[in-house]
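Pasting the structures here.
Each of the two complexes below includes subunit A, the first together with subunit B, the second together with subunit C.
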Partner chain A sequence: MAGTRAARIDPDTVSWYEATARQRVRALVDPGSFREFLGPTERRMSPHLPLFDLPRAFDDGIVVGRADLDGGPVLIAAQEGRFMGGAFGEVHGGKLVGLLRAALELKPTAVLILFDTGGVRLQEANAGETAIAEAMRAIVDVRAAGIPVIGLIGGRAGCYGGGGLIAGTCSRLAVSEGGRISVSGPEVIETNKGAEEFDSRDRALVWRTMGGKHRRLIGGADAFCADTVAAFRHAALDLIRRAPTFDLATLDAEQARLESRIARFGECRDATDVWARLGVNDPEAVPAMDTRAFDETVSRVGDADHDAR
Partner chain B sequence: MTEWRREKLAREARIEAGRVHAAGKVVPAGTAVALLEAVLRPGDRVCLEGDNQKQADCLARALSACDPETIHDLHMVQSGIVLPEHLDVFETGIAKRLDYSYSGPQGARIAKMLYGGQIQLGAVHTYLELFARYFVDLTPNVALIAGVSADRDGNLYTGPNTEDTPTVVEATAFKNGVVIAQVNEIVDKVPRVDIPGDRIDFVVEADTPFYVEPLFTRDPAAMTETQILIAMMAIKGIYAEYGIRRLNHGIGFGTAAIELLLPTYGEKLGLKGKIATHWALNPHPTLIPAIESGWVKQIHCFGSEVGMDRYIRARPDVFFTGADGSLRSNRAFCQTAGLYACDMFIGATLQIDLMGHSSTITQSRVAGFGGAPNMGSDPHGRRHPSDAWMKAGREGEIVGDPALMRGRKLVVQLVETFGDKLVPTFVERLDALELAKTIGLELAPVMIYADDVTHIVTEEGIANLLLCRNADEREQAIRGVAGYTEVGRGRDRAKVEALRARGVIRRPEDLGIEPLDADRALLAAKSIKDLVHWSGGLYEPPARFRNW
Partner chain C sequence: MTLAEILASLFPSGHAVAVQDGLVTGSGPFEGGTMHVVGIDGDTPLGVEGAATLSRAVLDAVRTGDRAPILVAVDSDSQRMSRRDELLGLNECLAHLAKTLLLADRSGHPTIGLIYGHSAAGAFIATALATRVLVALPGAEPSVMDLPSVARVTKLPLDKLQEMAKTTPVFAPGLDNMVATGAVHVVLDPARPLAGQIRDVIDGMQPGDVRDRLGAERGGRPVARAVAAAVIDQARLG
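What follows is the complex of A and B.
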């Protein structure tokens, strides 16, 4: 039964936002090529959640394994945003870190991380925070070994908290309109700074500030995808080819890019102010643009593409 | 000699007193308190327009700022208790008695104040019932209403949310009452005249535009596969089975899922044109794909919905619109339409008991009724047949001369066995009964009585209560679709199987529905943005529903 349902998945029509982690992985890579490590049948579950009377997932909310992408071997990790908001717990984080470390031996053409996370799982925060730090260090090692690490972001939970930090260490990021990238989430900002500072219920504001279009325009993400698995596959292949070398020059360029960004946009009150300074003719029209119109806008903005990161 | 004009003279005195604060009919917002203190008398019956959506909020603030020494013991007769000010006036003694209909957001506070004796409650009504009483024994002395704009003669444009206004004004203006309208702006010429100026005595130019809540917007992104499964069962097992063309939908996610399945699942079943063509309904954004796919012939609306104005203006073949092009809604007429001209009401509820009585009241909240008890009742005054109505009548008829059989309205409860926070929907005893005892209500606040309910649909199946021949069968039919709730687990397995064999209970597989097919891919729109695309960019969703 599961097989027949999986067979119906068509990468051209499956919405990335709607799909589960497993559906994304299966439809993203070459058909039939995915081999999972520590799959659900092995039942590596959280040792902490039972203390809180919370249900566990057999895969702890992350799918990791190897596959082929356009014939080339890749390692792949996909977070399941539907299980505890894709949050990092001990097992969840351990699976990601293990996959990244395996890359040093297996030498794939790339590591793909399909982020869908609210950040660290509060119930196992210490283990989760440690996993974030370990994952960032592991990514640096993988990139230093000449293997690009590509983040794909377009899930329901977005890419928040430690997930946002890990994304920041990736070689390249692809994002869709529904995807969000940030560290502190809208509710956290509102709780700490008040609704006047950031109204988390104003979803248009949330997406203007953290959503895929904004991240793409300011160069926070390197590709903008329509919300289909096929679009993400296309972007992943393209970004693997375009990944920067990981050396001092790249890091210096990234530092300079971020410094100039804060200097240019630091005082802007709204993302539309940023877009106006970037030279977007009609900033108010950006949220409603379809993918093609948005791509054209991006192509006219200098800051969206860069050699840094 | 008998004096026949006392009310008339009293009205003239009130107008006279109010005129001091007005230039013609126009009163600035800053003077609204003085106007109300001049016009109102202690003990007056007052309708402070609080509709489902549109609120006379500026006048509500002014009323609550009146001096309780001057204005006190008012009897409030209004459909909605929505704003905090609606209850503040009872705390200060400005108001004493209350007859109302719906109190959604203020449900908890109203329960507390009823219990504390701060409010003398007349009754909690349905909309139509309260409107009816405006013309019999609850006629307002003063009505405080809301509109979008007015001219200096008082001609009033209500905007698309006309809602209760014509009914309130009719009852007040033609029975010696005073009508005061707040408007967002005074204009030279109103876009259309919803209320003629000679029924409006004063016009207050509000400091801020009145607030409208987007009550009818359901985000397709939040729709679950369980809701989709329930919607598929309803479409195949009820809409198609009875050929329901004329209907009213509740505002829950289940019925929104049905709206989004019409152009996909409904189309596949070949039902286009055969079901869901004529509606009494607010302009639900989730109905846009069905409208655009040509399913919907026409819709009459109780009120409007935030963001739907441009879309409605562009679809006058479907909606009722004025000469200016904007929607004309009318709660009283639409409620009547829902009661008499629809063959089915389908909606959700919070609790259902073993007989099928339902209620949206929990122990600490008195949400009131609104319109559901009218829509969700079998009108005994109906005299026109339809196939759906007659089929339901035949199923329910068990005794008497078949030549004297009448039809039945279908009243369908669409619920998940466990609601929000996994609270069971099915219960042995409604919380409403406990609440009635606690606050001393003579009549328990039941939303829909068991004898009006014809079907209950859950993720476990459809229970057709028309086919139950006694109380025991009815109870087992309800237990038989109540899933893993205590009520569901308390079923008599053999009796439930017997009911299933008779088609009283139907499981998804009995209907030829594979539960694994209940996939979000079936939704004609999976997000608010998809709805915007369906509408050709005409639908303008409020910011809180956007993710772009």
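What follows is the complex of A and C.
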């Protein structure tokens, strides 16, 4: 039934942020091409959540499978931010790791990861943390085999904790304004270091520091998307075609890129200071810019586009 | 064991490993060749500068082409939690560090993590968990989050969590639980010279990622391996 409902979704208008993981997948890929592995009917649920008297999901908060994207075969994983914040539990992590390992055998055109996660699921913390490490190793293996791994980030849970590290391991990332990429979340920083370090209720500060526009401007993401499935599809197809190789030269370039960033912006207090130093004429105007105006701004910033990832 | 004791046991004829601002870099003579050492000492949080320092040291080692082992010694805090680190892209810096270690492994350097103190969260993933084999010394305290914080987030009473932690390795902090999940391969014996024990670990390295198999065998991660295998099986069917 979900498939029937999803088939009516118009990729041009449906909000990536509001859509469920399954809706995103079905509307992103070629119509009718998605085949799920370990789908909800198989009920591979967490063996641990009942200990905490917590409800389980039939898919443990992640959808994995194969599909076609513009005719090319892809493997695809989509986290469901509505279930426990898309967090990595044992089954959830095992599904992603299995998909990445399958890519080494099947050699698809690309692997797509639709991030929507707060990080490790604390009720299964050790399993989640280890799965994140396994996923990162598997991504490196897949990239080294010449298969691009593309991350798409625009969900309500953002991409936090170990999710941010997995994202940083991908070949390319596309992000929307609502997509946040960070290791420590605002609440975590505030809880540990105080509200004077980070006021998590200051949503504008959260968007400026971790949001899609900042990540795109500093080169932390390779494409900026409007909040529609069609925009993410367009970005994914473009990024697959220009994925960097995984080798010493790429990592040497990334080392230089990150050292340069720290040297140039290390004294900045706020993202607007970073944007000013990047040469953005009116940094204060960035948060309110529409996609077209923002794309024009990005095109004038040298740090945004690179192969150093 | 302290870092100084570890280095003395690994390199009885001396070494050139230095610690600055809690960051460990250098090398020592090992098995007729060299062993590169990087790491974090003194429960130091890992921020953007520290990650970049360590990744540079790993890339320098890879560039030598000597295929010598790289030891990643860890007694760290979690990732440095600050507005500034996130503004500067801490996720990229930590991922980059992990990638350099994974590249080193692929380039023929045996990579060995050694956790001898604390480590947590992003710092743990970017260092010790990015090696091919992670070993520990007794007294090490790897964790994702301490139990009082888990209690706060899960809204469960601390005493109930402490009781559950005795029988449920999947969520509780501590070395035994990380061994059970397969993240830590083996616990070394501090009473015996470490050089020989590390050599044995290197000699016993297996291709592929064995952590989910260990987790299944040890019972700390009962289903992850089977789930991954089932996904691969269904993917093969097309």
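Here are some notes:
Keep this in mind: the second predicted complex is superposed on the first by the 305 of 309 C-alpha atoms of A that agree within 3 Å, B and C clash if a C-alpha of one lies under 4 Å from a C-alpha of the other, contacts with A are read in each partner's own complex, and residues count from 1 in each chain.
Please note the rule applied: a residue touches a chain if its C-beta (ideal position, glycine included) is under 8 Å from a C-beta of that chain, and two chains touch if they have at least 3 such contacts.
Here the structure is a predicted model, which means the values were calculated and not measured.
When the two structures are aligned on the shared chain, A:Trp207 is found in touch with subunit B, with no touch to subunit C.
Touch criterion met: A:Gly98 reaches subunit C, while subunit B stays clear of it. Put subunit B and subunit C next to each other and count what each touches on subunit A; the higher total goes to C.
When the two structures are aligned on the shared chain, A:Glu18 is found in touch with subunit B, with no touch to subunit C.
Once the two complexes are overlaid on the shared chain, A:Gly220 sits against subunit C while remaining clear of subunit B.
Contacts of A:Val274 after superposition on the shared chain: subunit C is touched, whereas subunit B is not. When the shared chain is aligned, subunit B comes close enough to touch A:Glu177, but subunit C does not.
In the superposed model, A:Ala131 lies in contact with subunit C only, and not with subunit B.
When both complexes are overlaid on chain A, the residue A:Pro287 reaches subunit B alone and has no touch with subunit C.
Legend: residue contacts after superposition of the two complexes on their common chain; A:Ile262 is shown touching subunit C, with no touch to subunit B.
In the superposition on chain A, none of the residues of subunit A is touched both by subunit B in one structure and by subunit C in the other.
Chain contact summary for the complex, subunit A toward subunit C: residues 35, 37-38, 44, 47-48, 51-52, 64, 66, 75, 90-91, 93-95, 97-99, 101-102, 105-106, 120, 122-134, 136-138, 140, 144, 161-162, 164-169, 181-184, 188-189, 191-193, 197-198, 209-210, 214-215, 218, 220, 246-248, 251-252, 254-255, 258-259, 261-262, 265-266, 268-271, 274, 309.
Taken in their complex, subunit B has these residues touching subunit A: 221, 516, 520-521, 526-527, 532, 537, 543-548.
Taken in their complex, subunit C has these residues touching subunit A: 48-49, 52, 55-56, 59, 62-63, 79, 81-96, 98-100, 102-103, 106-107, 121-122, 124-126, 129-130, 143-145, 150, 152-154, 156, 164, 168-173, 177-178, 180-183, 209, 211-212, 215, 220-232, 234-236, 238.
Those residues of subunit A whose C-beta lies close enough to touch subunit B in the complex are 1, 5, 15, 17-18, 156, 177-178, 201-207, 211, 213, 287-288.
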